[in-house]
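In the two assemblies presented below, subunit A is common to both, partnered first by subunit B and then by subunit C.
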Partner chain A sequence: MAAIYSLYIINKSGGLIFYKDYGSKGRMDTNDSLRVASLWHSMHAISQQLSPTTGCSGIELLEADTFDLHCFQSLTGTKFFVVCEPGTQHMEALLKIIYELYTDYVLKNPFYEMEMPIRCELFDINLTQAIQKDRVALSGR
Partner chain B sequence: MQFFGGSEISPSPPTPTTAGNNAHMMYVFNRNGVCLLYREWNRPLHTLNPQQDHKLMFGLLFSLKSLTAKMDPTSAEKGNLGVPQLPGQGCSFHCFRTNTYKLSFMETPSGIKFILVTNPRTGDLRETLKYIYNLYVEYVAKNPLYTPGTPIRCELFNTALDQYVRSIA
Partner chain C sequence: MIGVGKIKQYSNVLDKPLSKGKQEVSLSAFAFLFSELVQYNQTQVDNIAELERRLEDAGYAVGARVLELLCHRDKGNRRETRLLGILSFVHSTVWKVLFGKVADSLEKGTEHEDEYMISEKELLVNKFISIPKDMGTFNCGAFVAGIVRGVLDSAGFPAVVTAHFVPMEGQQRPRTTILIKFAEEVLQREARLG
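Presenting the complex of A and B:
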């Protein structure tokens, strides 16, 4: 049973730069994932407009009937979000680990062009490890 | 590393002025997107005029619903993104949280949407919304002078609602 269903990374203008599926049912083709990512970008922005008080920085957690969506926005506007089982804990920590991996293996990669889709082997490897480790930690509890 | 502190960057919301009153505002929409009721208890920030605010809120909920229906990782048949769905069809959502507020959402089988915006630290409000729906049924739907689809002008409902919302922890 997968605790984490999928991971998305979107750039500051809402374009999908990374998407990985970890075993959700049904097909989500490239166009669908792109649409979902940019839709999330807009929903995130609108939620800031509707805040009753100042200083709102957008949706952090969306609780749907069959999944939870945790979102983390970096200071530069890159958004990381994971779709996981309802009630999964410690997703904020995982998102920050993923962010660290992103800064280490993507941003420090001299061949990576900013705001472009991520194609870095080392990032993929370390990300898989981080997710696996998280899954083991979750199942051990 | 200070960046990872989280709370340092985002200012924490002001503590509610009245003790025990955590609710900011409430919306009720019918299935056509008409705002039947808007109550405001504690809202220091207004970015838009009321009409635009209601439209934006309805649009946000509508789009979030199509997003969750499309993203649902447990069903294989999801259809296309943005295809309108009947109430109760597809994967919906019950709340979302930002650093300054929490929005709880409930849709009845007749397509009436109840939205309650509260302090981000409030717990699960699904039962609360069900109770508010009961109030709606008792004071609005059973009111012979109320025409469905028109804004709610029911003093008893407003009083009961204000009283109940004040008790939400």
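Presenting the complex of A and C:
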């Protein structure tokens, strides 16, 4: 029923460090995905300035008619956002799980350079498992 | 008077009995520290073999100290004189103290008399580490190989110890094997002891 189209991770300067698509609906070629990443980074920053109340932490959810976009920003400015079918539940929890996988398998990897594209086998394996588990749980409800 | 325990005061800190110490250490803290150790050594060397050697040397220092500590704490100041004795000490006691569990298996090599292997599904030090493709067969388990070499060397069983990845069918991640190759003199002594 509800499905994830794609997952993006962007570093604190807006560069895309990880992109994964699930299914043909979310698929984008490299240039487009880079563009979406920097576009979202700018929109996120602008929304913090536009907010009528102080202390706004940026856009968390964007609802459009054909997709939803959930975004999670860590304390260091790294943003995790997922494009999914409208009405998908529990994306915030999934983003937190992905953040935990990032801290474990990317940040504790001595061969990973900060702010660079993520090329960690363990991160990919565990991410696939997490998405799979989430998919099963969602379809079970 | 309701019992008020009086802690014996030691005038000299060296007279205090050795404590068992905290049994648990944060895995994340260790993982970050180990990651920094690897990164620091990477900046100092030109090639992968050198990096492995440095990690092994770091482990050697740990192994020598671990042997002293465990002999005092767990074995009542007795020392191992037989090959199988020291191997099962490494496989069980050392592994339990360092990694919280005994090693998965201890095997004797089939091809050579002087080879023994300790296998683990996934070494604790490698838990969060993904080796990039261009580093080939490099294994951060060289640190653990160094620990084993330190223990064996200090116990009087000189050996060459290396860590290898062994691909397993049906599993995505390869097993890790610590290969121990004992020196000639160890086998001769073992044969003499009967």
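One rule holds in what follows: the second predicted complex is superposed on the first by the 136 of 141 C-alpha atoms of A that agree within 3 Å, B and C clash if a C-alpha of one lies under 4 Å from a C-alpha of the other, contacts with A are read in each partner's own complex, and residues count from 1 in each chain.
By our rule, a residue touches a chain if its C-beta (ideal position, glycine included) is under 8 Å from a C-beta of that chain, and two chains touch if they have at least 3 such contacts.
Since we're looking at a predicted model, the values are computed, not measured.
Superposition note: with subunit A as the common reference, subunit B and subunit C can be accommodated side by side. Applying the stated contact rule after C-alpha superposition, one finds that A:E63 touches subunit B and leaves subunit C untouched.
Contact with subunit C, but none with subunit B, is seen for A:R119 once the two complexes are overlaid on the shared chain.
Ranking subunit B and subunit C by residues of subunit A touched puts B first. In the overlay built on the shared chain, the residue A:H90 is in contact with neither subunit B nor subunit C. Of the two partner chains placed by superposition, A:K133 touches none, neither subunit B nor subunit C. Minimum Cα separation between subunit B and subunit C in the superposed model: 13 Å. On subunit A, the positions that touch subunit B within their shared complex are 5-6, 24-28, 32, 35-36, 39-40, 42-43, 46-67, 69, 75, 83, 92, 96.
Within the complex, the subunit C residues that touch subunit A are 28, 31-32, 34-39, 42, 128-132, 135, 140, 172-173.
Residues of subunit B touching subunit A in their complex: 3-4, 6, 9-11, 13-14, 24-25, 42-45, 47-48, 53, 56-57, 59-60, 63-64, 66-68, 70-78, 81, 91-101, 103, 117. Across the complex, subunit A meets subunit C through its residues 104-105, 107-111, 119-123, 125.
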